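Read through the structures below before going on.
In the two assemblies presented below, chain A is common to both, partnered first by chain B and then by chain C.
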Partner chain A sequence: MALSRDAYQALEDIVGADNITEEPAILDAYAFQWGLKAFTGNPFGIRYEAVLLPGSTEEVQAIVKACNKHKIKFKALSTGWGPMNTTGSEGTIQLDLRRMNRILEINEKAMYAVVESYVISAQLQAELMKRGLTCNIISAGSNTSALPLAGLMGCGPTSVSTSYSNRNILGVEWVLPTGEILRLGSLGSGAGWFCGDGPGPSLRGIMRGYKVPLGGLGVFTKAATKVYHWPGPEVVQVEGASPGYTPELPDTITAHYITFPSWDKFTEAGYKIGESEIAMACDKLPPWMLSLNLTEDGREGVQLFSKIRSQTVDKGISVLVVVGADSQREFDYKEKVLKRITSETGGEFLPLVEEPATRKKLIWHRVRATTGARETFRLMLDQGASFGAADSWEFAVSEAKEGAKLKKKYIEKGLIMDDGADNAWGTVYEHGHMGHMDELFLTDPTNPASRQGMFGFMQETWQVSLEKSLGCHQGVMGDMGHDLFGPRTSNYHLWARKIKKTFDPNGASESSRYITAEE
Partner chain B sequence: MTLEDCREDLEWCSRCSMCKFIPMEVISGYDFATVCPSIAKYNFHSYSAGGKLNMALAMLDGRIDYTDKLVEMIYQCQICGACDVSCKYNRDMEPLEALYEFRMKCVGDGQLVPAHMIVIDGLKREDNMMGGSKSQRGDWAKGLDVKDITAEKVEVYFHAGCRYCFDKELWPAARGAVGLLLKAGVDVGIMGKEEACCGGRSYEIGYQGELTKYAEHNMEMLKVAGVKILVTSCADCYYAFKVLYHKIGKKLDVEVLHITEYLERLLKEGKLKPAKKVPMVVTYHDPCHLGRMGEPWIPWEGVRTKGSGQFVLHEPPKEFRRGTHGIYEPPRNILKSIPGLRLVEMVRIRERAWCCGAGGGVIDAFPDFALWTALERVNEAKSTGAEAIVTACPWCKRSLSDAIEESGDGLRIYDVVEILEQAI
Partner chain C sequence: MGKKEELTEIVGSQQVIVDTHRLEKLSRDESFVCPARPAFIVKPHNIDEVQQIVKWANETLTPLVPISSGVPHFRGDSVPSVDGAVITDLSDMKKILRVDRKNRVAMIEPGVTFDELCGELEKEGLRPNMPLLPRRRKSVVGSVLEREPVIMPKYHWDIIDPLACTEVIFGSGDLYRTGAASGPGTIEEQWKSGEAQKSHAEPLADWCRILQGAQGTMGIVTWATIRCELIPDLEEPFIVGSSSLPGLFELIHWLVRLRLADECLVLNNAHLAHILAKQWPDEYERLRDSLPPWMLFFCISGYEYYPEEKVSYQIEKMMDIARRAGVKPVKELDKVTAQKLLKIIQKPSEEPYWKTRAKGSCYDIFSLATYDRIPELIKVMNNTAEENGYPVADMGIYLQPVVQGTSYHCEFNLFFNPANPEEVNKLKNLSHQAIKPLMNNGAFFSRPYDTWVDTVYEIDAETTASLRKIKGILDPNNIMNPGKLCF
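Showing the complex of A and B:
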């Protein structure tokens, strides 16, 4: 279903001929997402009818109004990583926001930064570090948008000290599905970007919800994110050449990889680390991911995992803790507290990460979040994630426990890659009272049995979550999933649907990955 | 190899967009974070390496057919290899190989860029990529007291390359290189009008057969001449002689050195002594073909197998070229040896250097894009406070000189050789 010439001309008039295309090859580049292959057998999803590159909020607004007028659906993306960026509907146009890539403000005193959609986290963090600040970076990596509305739950390796997107988001500029512009929080009353909840309208829950609307509720064009203290250098000098860089970090930033003898001890340590506020990162980086993180090719990663397996995954549950301080005294105190917690909970430090060169490399990989694709895709496996509800730390750990238990069965059958069963990534945050865990699993998409294993595992984890009230998985997208989880989770799906209907009366904002208005 | 042989890599692009940026570890600010000129200029995802891989897969799957726009997108790319480095920071795959194969498929299918057809016609007629007459190829060296290796035996052969031979403004650097070698007592010779193209650029625009032809020709010429070392001042030629010839199974039986490698050797041996001060602040532009692309070819023949029945491993183990071992230090060491000269670095250097804009046939077919790319580099150079850009490739020097002229800046540009000459 090609766009009518009237509609195309109207859109071209807004962005200019260079910034709109119907070229089939370009449309296919936007239809491709690796994750689709596992589900449909084809990495290409439904083609968009056209792709547009708006350069400003005004252009986005005009496009959205034109879509309403011409009865076209639209969907925007920022850096565009993941199958949620595809459309589930014919007749949709894609708005690629990459021309909207400015850092608009860094307010050192009020500690926030305002960005457009296509600023990546590495750029923002690098600018912040020059000012003694840093930001939360989602676990996918610093190659993704710094907008605190990109990503799902929005937590990352340093969330214990930099919180998560839902909390970090302050003022927001939002082009609604009808084309109106809504400015939230203090921005809505002309008071600047410093607060998400006023003075001015606070629609945090509606706008973002439990997780973001995945392009299904208009377009977020600018947002402020809270920023945090960075105790390291203004620029982390990096020697050498890719991929084996050697970062220069002060001795007052260190890391330990600690393995605890049981889930209970791990949970206890997580609470204590969170409550004591000593950590820059408390990152449950599983041994499999650690092995790939620290090595320069897949084979080395597999070998390293084999080497550290007996010291980590076979012994208990591991976490990476990064400690950073402004002074030696502060550093000594934090290290002392961490050692005390480790001792009280029976933790053991992994000698590999106690080596200075390895440690520095690992710290920088995690603080900058550089290796997401390495830890998941390097070995040409299909990576999936299950669970991932945002709740208390103990609740999150209970998800990881269930995930590991279920996964063992599939590993034993040879259907899911043997990562030692414990491959949950997560973090404690909000000073220990909140936590996140998603159970990562790796399958071979070229092997039908492995694909079936993936579906089976997903299905079982969903079932377990429903039976044991383990919350809504972060990966639940679209009507079917929400209609399944909603009735067990305060009927949120009914509310989400009402929001969708109210904010998008013409159904212009393509929302098959979010929730549609269909009952 | 064919594009079909790249299918697994095409399917395994994770669409992470790393190919659009320098590796995340080395991003040091908002500016100069991007690495791919093509996506930076044209913006649609399809211009990135990832996007091109997506389009290549769509073509193999029969989802799309050639259009003028598609061919244009494939060629609006310097094929500079920066995407390959950034992708391979995390991945064990070969995006650059897929980009080459996509171009070769275009040529094989008769999908040709008119400007490239003219260049290739010239190459076939006159053995050069510049549209010059073969009879004038040796003019750059007129008056130099240097041996002709077609007539005399020498130890070192200096290959000027098409750009130096036919771009008169650049002659001083080529003449200077020979002059320095002679000054150091090197037994060096040239081939004059008998010199032929290396074939590298034609390979980059998809004409694989031309590379084979010139590789065989040059192998034969060098064998007859009996030289031990081939030295070139052109980064493109260096890449062809050292990397591409090896890749296609025509590894030269001589040591291949870039002029900066050889001059660094001569400095270490004390055969050249930079004594005169050159009071200047300079920044160094790494040519793609000398830097990340200049690392040795690593032959590998094998299969992808399944480890633990699941993940992909290469058997026998494959060592990937990730840009780690390019020629980065020799030019810098030469500059650092010069009294009074101060080297300041740009953000995008070494394996993550921003291209000058000329490569991959862009300067021939899309000169505006070449100029835009070079202007970006000139702006980056200016941001360091340098008075001059120094580089080590005639294509880079041409492209950056054009950009400096266009911008009207007072920035100067030199080849490393020209700076060293001033000091000796």
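Showing the complex of A and C:
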């Protein structure tokens, strides 16, 4: 279904002929998503009708208004890193926001940065570091958008000290599905970007939940995000090539990989590390991912995993802690506390990570979030994730425990790759106040039984979450998922539909990954 | 059956109040909103009754005004805007449903006051992140729903804090639980999985943010979970006096950025003198005149692990920053000790409420702004006060860094005698005249009350339109506190 010539012309008039295309090869490139293949068997989703590259909020607004007029759907993307970027319906155009790539403001003293949609975290963080600051970066990688309204839920390796995107948002500029521009909070009152809430109720409440609306509720063109202190150098010299980057860092930043003898001890340590506020990063990086992070290729990764298995997986549950300080005294204090907590909870430091070269690499992986794809996809297998809701740290651990237990069955049947079963990634947020954990898994794309195994595993994890109150999975997207979880979850789906219906009466913002207005 | 009988059927005759004197009291407060007389006060005991009341209000199209705190009320938000409203007073719902040390959270009903909560939390080694000196009978749920600023900015990650989840009856009469409390499963089932109702967001929305700042226009909250913090093992409070703000702002920036301070706030001399004085006017005036114009107060705290060592390296670092900022932290300033001040602000206000001690009442004008705009806001207020014959020297000013120091709550306290019509009139003019110039100089009225509301909404048509759409979703018959905000 190609666009009518009228519609195409109207869109071309907005962005100019250089910034719109309906070339099939390009449309296919936008329909391609690796992650889709695991679920549908085909990495190509539905083709967009056209791809547009708007260069400003005004252009986005004009496109959105034209879409409402011509009954076309639109869907925005930032870096397009995940399968949620595909459209679920014919007749959709894609707004690729890559021309909107400016950092608009870094307010060092008020600790926020204002970005457009295609500013990536690597770019923002490099600028922030020059001012002794850093930001939350989602674990997908620093190559993804720094906009706290892209991503999926928005946590990352340093969330223990940098929170996560929903809680970092300040002012926002938002082109609503009908084309009006809403400026949240202080921005709407002409006072600047420092607050996204009010006057009165905060419209952040309908803008996103734990997850972003995945393109289904208009286009976010700019947003301010809180930033945090960085105790390292303004410019970090890095040697070597990917994945072996070794940064030059002061001795007052370090990392440890600690394995605890049981889930209970691991949980206890997470609370203690959180409360004592000693960690810059505190994420449950499973031994499988650690191995793939530290090695040059997949084969080496698997070999390393076999080597450290007896020191990690077979002994208990592991966490990676990055400690950073501005002074030697602060550093000594934090290290002393970490050692004490480790000894109180029976933890053991992994010797490999105590080696300075390895340690430096790992610090960079966490702070810079450079390993999202490598730690998950390197083996060229199909990869997926389950669970991933957030609440208390104890709750997060329940997700991981349940995930590992269920996965073991599938590993034993040979349906899911043996990653040690416990391959949950997650992190403590905000110095122990919250946490989340998602259970990752790998299946063999050349083996149909393995794919079936994956579906079986996913289904079981959903069922278990409903039965044992383990939250609404991060992967629950679209009507089918929400219609399953909603009735057991205060009917949140019905209320979300009301938002969708009220703010997008023409259904113009393509929302198959969010929720549609259809009951 | 009349309305009174219908309500009596829901809550029992003891719980429907028609006493003219009490109704009269709730028809006005310390603000300048026009008085409107409520028809009854109804005091539900539990969520079932609340839901029945809301459903009844929808059927009879009776306005409901929820309140949770005891008198005095200040901001006009709990005074009905229309006649014939039913005040839904939740102060009898007083249960502290859970205190969870490990997850630093408490689940409480709306009638629980700061006094009551502090006592229960203390038993578990916890404390709330409190607003500055709330009145004894202030409802904690009421306070967090109002987005009142809290005194420990480093734990204020997001403006929603310390509010986490809620149970609410929307204006439509529907029961909903916000955040992780939404499910799957009942609250008890959630506890079994380790969930503690800490995450305020549901998968697709964050309805709690809509309830907050709504002044009771969206629904009635029947419990809420509140983030708490640990009681420190060691506390080292400091005061920094200064004749100007820039040096203090510089120090505060680093105190928050490096997570050095727990409590951290700025008061002017009139404000602190009002807090400390017991006798008027002598003691108050003596204090006011002896104190420096500005005081930064903060506390460095140590917890379970080696508290002395932590506090010691943090003090060293703080002193270094203070030197560079050209300010001098001390333990005692003009006979006010930091320790005494710490103890005062860690509790609710003594009775009588500190804001009413001097002249009987107090009118507050507050907004959010970044640090660099605050000197201009102070100038605007000084000028407006002078123009209206209000003594500038007696105007309290309270500056509270919020959301990890991204902005400041900037509050001006105008103490006045409510029995003096001339003073009241002057203040009415003053408050009316101040709002626009404050906005023009960088103030954002995130929580507009009283007569400021129109000025604030006037300049943001799209926010106003969007809020009205949401109001239509949650309260289609507009029974919840009609006439407030932009509704």
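Throughout what follows, the second predicted complex is superposed on the first by the 512 of 519 C-alpha atoms of A that agree within 3 Å, B and C clash if a C-alpha of one lies under 4 Å from a C-alpha of the other, contacts with A are read in each partner's own complex, and residues count from 1 in each chain.
As a working rule, a residue touches a chain if its C-beta (ideal position, glycine included) is under 8 Å from a C-beta of that chain, and two chains touch if they have at least 3 such contacts.
Just so you know, these numbers come straight off a predicted model, no measurement behind them.
Legend: residue contacts after superposition of the two complexes on their common chain; A:Lys37 is shown touching chain B, with no touch to chain C. Applying the stated contact rule after C-alpha superposition, one finds that A:Val302 touches chain B and leaves chain C untouched. After overlaying the two complexes on the shared chain, residue contacts for A:Pro448 are found with neither chain B nor chain C.
In the superposition on chain A, contact of A:Ala29 is made with chain B only, not with chain C.
For chain A, the partner touching the most residues, choosing from chain B and chain C, is C. Of the two partner chains placed by superposition, only chain B is touched by A:Gln123; chain C is not. In the superposition on chain A, A:Leu381 makes contact with chain B only, not with chain C. In the superposed pair of complexes, A:Pro505 makes contact with neither chain B nor chain C.
Chain A uses no single residue to touch chain B in one structure and chain C in the other.
On the side of chain C, the complex with chain A involves touching residues 102-105, 147, 157-160, 176-177, 180-186, 189-190, 192-199, 201-215, 217-218, 227, 230, 249, 253, 256-259, 303-306, 309-310, 313, 316-317, 368-372, 403-407, 439, 442-448, 453, 456-457, 459-460, 462-463, 465-467, 469-470, 472-473, 485-486. Interface residues of chain B, counted against chain A in their complex, comprise 8, 11-18, 21, 23-30, 33, 43-46, 50-52, 54-55, 57-59, 61, 63-64, 67, 69-70, 73, 85-86, 88-93, 304, 306-314, 317, 319-320, 322-326, 328, 350-352.
Residue ranges of chain A in contact with chain B, taken from their complex: 19, 21, 23-26, 28-30, 32-34, 37, 43-44, 51, 53, 79-82, 96, 98-99, 103, 119-120, 122-124, 126-127, 130, 141-144, 235-236, 238, 241-245, 247, 296-299, 302, 364-365, 368-374, 376-381, 414, 416-418, 442-444, 447, 450.
For chain A in complex with chain C, the touching residues are 107, 109-112, 163, 166-168, 170, 176, 180-186, 188-192, 194-211, 213, 226, 228-229, 271-272, 275-277, 326-327, 329-330, 333, 336-337, 340-341, 389-398, 430, 432-434, 465-466, 468-472, 476, 482, 485, 488-493, 495-496, 498-499, 502-503, 514-515.
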